[in-house]
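Remarks on the structure that follows.
Labels for the chains are A, B, C and D, by order of writing; each one numbers its residues from 1.
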Amino acid sequence: MSEFEESGIGEECGVFGCVAAGEWPTQLEVAQVLTLGLVALQHRGQESAGIVTSNGVNPPTYNTLKGMGLVNNAFPPEDLLKLRYGNLGIGHTRYSTTGISELQNCQPFVVDTLHGKIAVAHNGELVNAAALRKKVMRHGVGLSTSSDSELITQLLALTPPMEELDAPDWVARIKNLMHETPTSYSLLVMYTDVIYAIRDPYGNRPLSIGRLVPISKLHTAGAGEGDTEGWVVSSESCSFQSIGAKYYREVMPGEIVQISKHGVKSLSIVPRPEGDLPAFCIFEYVYFARPDSIFEGQMVYTVRQRCGRQLAIEAPTEADVVSTVPESATPAALGYAEQSGLPYVEVLCKNRYVGRTFIQPNTRLRQLGVAKKFGALTDNFAGKRVVLVDDSIVRGNTIAPIIKLLKEAGATEVHIRVASPPIRFPCYMGINIPTKEELIANRPEFKDIAGYIGASSVQYLSVEGLVSAVQGGIPSLQKDERISTNTKASRRVGHCTACLTGKYPVELEW
Amino acid sequence: MSEFEESGIGEECGVFGCVAAGEWPTQLEVAQVLTLGLVALQHRGQESAGIVTSNGVNPPTYNTLKGMGLVNNAFPPEDLLKLRYGNLGIGHTRYSTTGISELQNCQPFVVDTLHGKIAVAHNGELVNAAALRKKVMRHGVGLSTSSDSELITQLLALTPPMEELDAPDWVARIKNLMHETPTSYSLLVMYTDVIYAIRDPYGNRPLSIGRLVPISKLHTAGAGEGDTEGWVVSSESCSFQSIGAKYYREVMPGEIVQISKHGVKSLSIVPRPEGDLPAFCIFEYVYFARPDSIFEGQMVYTVRQRCGRQLAIEAPTEADVVSTVPESATPAALGYAEQSGLPYVEVLCKNRYVGRTFIQPNTRLRQLGVAKKFGALTDNFAGKRVVLVDDSIVRGNTIAPIIKLLKEAGATEVHIRVASPPIRFPCYMGINIPTKEELIANRPEFKDIAGYIGASSVQYLSVEGLVSAVQGGIPSLQKDERISTNTKASRRVGHCTACLTGKYPVELEW
Amino acid sequence: MSEFEESGIGEECGVFGCVAAGEWPTQLEVAQVLTLGLVALQHRGQESAGIVTSNGVNPPTYNTLKGMGLVNNAFPPEDLLKLRYGNLGIGHTRYSTTGISELQNCQPFVVDTLHGKIAVAHNGELVNAAALRKKVMRHGVGLSTSSDSELITQLLALTPPMEELDAPDWVARIKNLMHETPTSYSLLVMYTDVIYAIRDPYGNRPLSIGRLVPISKLHTAGAGEGDTEGWVVSSESCSFQSIGAKYYREVMPGEIVQISKHGVKSLSIVPRPEGDLPAFCIFEYVYFARPDSIFEGQMVYTVRQRCGRQLAIEAPTEADVVSTVPESATPAALGYAEQSGLPYVEVLCKNRYVGRTFIQPNTRLRQLGVAKKFGALTDNFAGKRVVLVDDSIVRGNTIAPIIKLLKEAGATEVHIRVASPPIRFPCYMGINIPTKEELIANRPEFKDIAGYIGASSVQYLSVEGLVSAVQGGIPSLQKDERISTNTKASRRVGHCTACLTGKYPVELEW
Amino acid sequence: MSEFEESGIGEECGVFGCVAAGEWPTQLEVAQVLTLGLVALQHRGQESAGIVTSNGVNPPTYNTLKGMGLVNNAFPPEDLLKLRYGNLGIGHTRYSTTGISELQNCQPFVVDTLHGKIAVAHNGELVNAAALRKKVMRHGVGLSTSSDSELITQLLALTPPMEELDAPDWVARIKNLMHETPTSYSLLVMYTDVIYAIRDPYGNRPLSIGRLVPISKLHTAGAGEGDTEGWVVSSESCSFQSIGAKYYREVMPGEIVQISKHGVKSLSIVPRPEGDLPAFCIFEYVYFARPDSIFEGQMVYTVRQRCGRQLAIEAPTEADVVSTVPESATPAALGYAEQSGLPYVEVLCKNRYVGRTFIQPNTRLRQLGVAKKFGALTDNFAGKRVVLVDDSIVRGNTIAPIIKLLKEAGATEVHIRVASPPIRFPCYMGINIPTKEELIANRPEFKDIAGYIGASSVQYLSVEGLVSAVQGGIPSLQKDERISTNTKASRRVGHCTACLTGKYPVELEW
């Protein structure tokens, strides 16, 4: 378990799109592909979910389904049936607070413009949102939500002014939007019969493309282009397997990709300012993404394992066993064990049914804290010195009761090894991090963190260690035929470590 | 029961507003006044409900609560508690189709503009909505719903262009809106600490003002201005009693009234084109309004009773008893009985629990039809000739099985007398009427309506009879001190009978 | 509106049964007939509902469906479908408190006995329940509810001891039960392929039999026995029309009727002690029953009208108009008006949407009280003296605010005339009446009831007046071929007036 | 993941009880302790849950709360509050089918007897239930459910006949019950102020006792008897940590333990027939129990790890890596890896959000099968020979698509090693196992199981291997002061392996 989970830190969203290939009306159940795709992105947001499908004709009929909570609850089967005639569609799963009145923040947003309806799904946070809101309102537009995504739809509708006679040039509008705001966004824009998949010039949020093939050919190397049943685009590639798709490639930083029934076409790359490196969020590797997702050519699980190995090198420990706080830190713990030569054991058993149990305040049961979620596997560590690997520490109030539990159940020493550096700065690009003052790394008690949480010792992975674990495994793009030569030549590697270092990829305006 | 009820014809909405008088923060429970006010307007719309309260300071905090279904279901008590600190607020109850995804159409709409947030609640339908939508979109605004009310908010935000430095002149914006669209709307616009209550120049939809007084002085003539606890504004005055308010006056056609903690102030009257009469919807009297509401100085119940008397004059009957299809036609039936001298009896007993009972298709139970809702009070009519008064006939499929039921239970004759003329034309001003082709009055079978529905005879009230029953009781405004001299002088009487005559108050554009 | 409604006085239950006639498997949708039948009995209980169907073969398969709340909510359509293969069945709707845990009290009860399963539905309350519970428990039986109905099932299973070899003699067991407990019960017992319909020897609770005919022949006098599609048995005959059945006859006091696919057969009449009269609950006429139900050959509505006439004779009034507190007192008010010659008008308009609105305590809105439910139809009574007829007064806290409302809206006098005598004693036979101390008729303030509730005067119908209004219209049984000669000869008339007079039909034991 | 999970095999129930120590009314939140205790037993049943608390005075007030689904859903907080005044109570969580009508099967059962109310919670299945039902019904008792637990309550009420004058001897009744039925049951019986905790003479189902201590002293060795805040009794000791209790001891086979505010007292041991060994269900170790529970002095996790080691000895494999189907087989996989010297890696990532997603039949998505639940961690096994350890194989339809997934993602070989023997016989003692014909081990395709499921090879743990892994770690009772000398002397070890061997612990009667 990550402290992230306990501390309410979270990703803002996941986006997912699908276009059926070949003749329309399609036999592909687009609405169901979208639903399952979103279920696979559920870890990126559990507040609400929405999908919009289009029949793809001009003018199109869009069908929308939105609901609060998990995807499986948000879309009642009978409502899902109504969407089955879609030939393409986009979906969104949202992270955040609860409340029925928040349904209005649920994405995708559909707006009617002079040239017809567009639907937009967005993952990220615009760094200059405040200035853009003011600009839009000055033009006389009323904004009905605080959502960046509504802002994006109005910006797309607004600039350049809509031409009544000619066909709309949506790509020009999208480029214009990308010049108005540098980061962060991975964006899906559906218009009639195409989906535009866009990643901001810094590539801060992930976005990958997959190809639906016949289930029978799913795991065969030889499923050629002719077998394509449709195209999907997703915040994470982990969703591809759930729907029977093969990984195709990532959308590149700054790239606008058009996905239609005819296939995938790279339309443009909007460049960063001279000298700026890409800034893919390094915490996608550390915590947010599912371990079976692939970013920049490498599996997230493997990166986490490398972090564990690097941590063993940077922070070796005199101990008897290595273990994990289940489940997100397990790859790092296995990496630490492997590198250190210490045996890996399980020390905690998670009760997956613990949930929203109602406990009255001021009772003895409150005092039990997070330990209620875990059973101690005493025989595996009693009388031993334990290295406990976690993926992050934010406020410290999750790990402390676990250490107490282990020590009192017989561990002679509990050494905490954290497979990421301390978070010291807020994120303005889509991650909900406590304010600077709340972060434990900035608080006085952090001076003696081991004492504060009751550990025998605490050590973190260094920023350099993390960066090298991440960047060390990124393969060259040279051999990937699906990426244009131009793009390959310009491939540079860079990651956003702002929350660790305070170095933001763009100047902050507010 | 009216055929309206069965045939899905319905009013689009009810609006309600409240401003606490005197010092703020107020002791008045504004959110609860709004809720009870909306409950009293529930007959005008059961699809969804919403309220927005403001704390009235600058910049204001608005709290919004929206939900699907009846007011009592839409607002969970725990959510209602959150709104209790409001000093003023507006609410809305909406008629229409179901579906959680429709929550986005739920009013009031709140939009953020360059000069702060406004909230808007609207009853009516803009006759030139299509042209206005195009105009707004041409300006580069995206519209996220098909609702006229969103359109109104964007029109208010848009024109004239927002001035960044000076304070916004909302009254100028409202006047501008009223010049852009002639009808139909009764509108509440809340901005920070005031509510603007607006009725379109034709007065097509109703809007009345009430005064909250101490409960102890509620029914005392002597509750003076000093006792005012707050002001309310409502689609119908029937809501005033539920919340402890006294009727104050109607908003006049074209009038913009400002309601603040300092009281009620008439700001302006936007005139109709030279020569045009007011066009208050005559079906508010016939069917939509609650019988205890007051329009144009007369009680709706009394108008309905007059319609019954007029009907007895126009269509006398050789019969033994007069009765009603409960419950909406009862005043007309009592009027008919009184005028005709025939005794009034009850012939049907309504089962108030019949509802959404699930009955499989193709079964004997389906054949029972609407009669399942009624029990025959046989002793009251067996062996007798019955005059059955209904308020309207739309498709005829409600009244037919009732006639069958009465005849087979022993009525020797069943004469249908309808207290309104046949509906022959669609409404474009807020009433959901079937298309021209669907209306029974336009269908061949209507030629022999009595034969079609199995009645001994069928007769309708004439248009002239209806108009005289409505207009005959409207008192002069001369003695009302609350209405300005100017307005009183210009008082002219007129009603919209478009659905009966095809004469629309304004030229239709589309 | 009756004070009964406000004061929580209520009937305990309704029972309903149906047996398909002719060949099985039947085409009749027995489960739906049961459901609609219960909907028509919904006024007798809204807490929970249940139905049990049997396929009628030996051993039978019983399917049970139970739920909390109204029938339409309690039986989800998809669950109802599961019951569609039944050839016969019984149902129950229950009055009382809420709470999911109370589902265990929901009837019908099904118990497995040595000779197979029986299902039991019960309306009433056993006067000697406490002694019977002790007797059953002394035999070593554990009782899992406080329900008399469970007690009945165990008594049927228990006595006389089950004979393992021979077939069970259920009729003997039922007779035995009837000797164990004199009243009150109307009972349906389903066993494999028959329903036994039983009324206690005093006939305290109602029970009527109906005949399902083809819908096309429903209202034809000539639908002969050959057209019978099934038989139904119900607490009230008002349910027959809802399902397409014709009234057949009542079950007589003490009678055991067997209903099978072969028809209706009277098996036995268990007599009362020598000299005892029947004791049908007189409040079924006054308040509980639906006005279109028939008891003892007369329509309930007509009896209520007679009560109104009798009241006008006993308590004439100097006044201008007569009116009603809608809706249950309307027939009495019309009777009063007719007898007195005063005009009948409506003075109150009921808001049918007022319900469980959440109102915070200690607010001005609380003070509005029950008047929130009603709108005053001012024009009909302003400046006039009003006779307001109600069907009963229990605590007085309902009528008082209505009187206040009318007087303050302009009535010069409000005279209350109550179409039943005051309730002074508790009921031990199935009606939930407040304890003796709580009844207003027994409280000091009742001495000056008019002053207490703010009326100009208050007068009640006398006990003798009520009894004569009820008994005056009961027709002779002589001409009814469906009742045996024996029974007809012994027809005696009597009603339970215990709550008015304290004279209970049987000696109370506890 | 176990095939058990997929195949619907399951435990019937969990039971939990709590008695507050010291003075009453207690400060201990008994209802919340019960709730959290049941949450920790949730893996034993998810159909419904119930708790009953007693205030402990004579006669007692019992409060009952029951609901369908998971504990957290079944008990709404507001209802839970009503139970807070309990001084003792018992609870139950039930495994099985769904449906609101099944609420009547929800335990604990409360019955009123001549001597007052008892509440009963039961885990297990009576092998001679059919004969006992007949016996009870022959006595004249009607049974309203098919539940063994209702049968137990009636048996307790029935025999020996209730004595009216003297106090009831519940212990005699319990002993009588235990002589009527040999197995299987772990039973809690609450009567006024005590809980009797009973395990059948064969000890087929588990039952453990814990001691509630101050949270501050929870993990301190020195928390003496004086610190006891209450006593708990549970199907599994894993629940103790969740509520702040220390493990005390197991209830012994055949033992009746009385738990009161004065402490824990062993009342009696009902012996097995001469020569019979205990028969604790061996599948509690293999699959049902939570790994942190303790049975017979050993931790379940450790037993599973020993099974893995034994499997590596019995079925060694030429391979590169060892892995698990998460999560239940992980201890066995780690044991296998350790013993074999092969590295342990993770090959599958579970999507914890996959649930009741609605997928239309006959679509491509259906074909994806169970693999939708898992993401392949390709880098960890591509190009390698994998040993995949699972805990059981029932029908084979879970493991087959996983093997396919791994092979197609690059595993060169997939060897299945199952850490338990094949199930060949049905269970009549509380486990819901498919019929003999449905079990894969008895079907023809099982002859070539590896071919059938697509594995490179398949091998099972032997029965002897399982028994030795289980029995090898059971410690002696000699040093446990809490168990009586008598019991310790008679300690014999034995387990029920009926589903593997067909050797049932008692003769089956039906």
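The working rule: contacts are C-beta pairs under 8 Å (C-beta built on N, C-alpha and C of every residue); 3 or more make two chains touch, one makes a residue touch a chain.
Which chain is which protein? Per UniProt: A, B, C, D = Amidophosphoribosyltransferase.
This is a predicted model, so every value here is computed, not measured.
Asks: Quick one: which chains contact chain A and chain D both?
Replies: Neighbours common to chain A and chain D are absent.
Asks: From chain A, which chain is the farthest off, judged by mean CA positions?
Replies: C
Asks: How many angstrom lie between the centres of chain C and chain D, each centre taken as the mean Cα position?
Replies: Taking the average C-alpha coordinate of chain C and of chain D, the gap between them is 49 Å.
Asks: Suppose each chain is reduced to the average of its Cα coordinates; what separation in Å results between chain B and chain D?
Replies: Whole-Å distance between the two chain centres: 62.
Asks: Please report how many Å separate the Cα centroid of chain B from that of chain C, as a whole number.
Replies: About 38 Å, centre to centre.
Asks: Using mean CA coordinates as chain centres, what's the gap between chain A and chain C in Å?
Replies: 62
Asks: Any chance you could list the residues of chain C touching two or more other chains?
Replies: Where chain C is concerned, no single residue meets two or more other chains.
Asks: For the complex, give me every residue of chain C touching chain D.
Replies: Touch residues, chain C against chain D: 64-67, 79, 99-101, 103-104, 109-114, 118, 133-134, 137-144, 146, 150, 153-154, 156-159, 161-162, 164.
Asks: In the complex, go through chain D and note every residue touching chain A.
Replies: Checking each residue of chain D against chain A gives 28-29, 32-33, 35-36, 39-40, 42-43, 70-72, 75, 77, 80-81, 84, 214-216, 218-220, 229, 238, 241-244, 290-292, 299, 301-302, 330-331, 334, 344-346, 349, 351-360, 363-365, 367-368, 371-372, 375-380, 404-405, 407-409.
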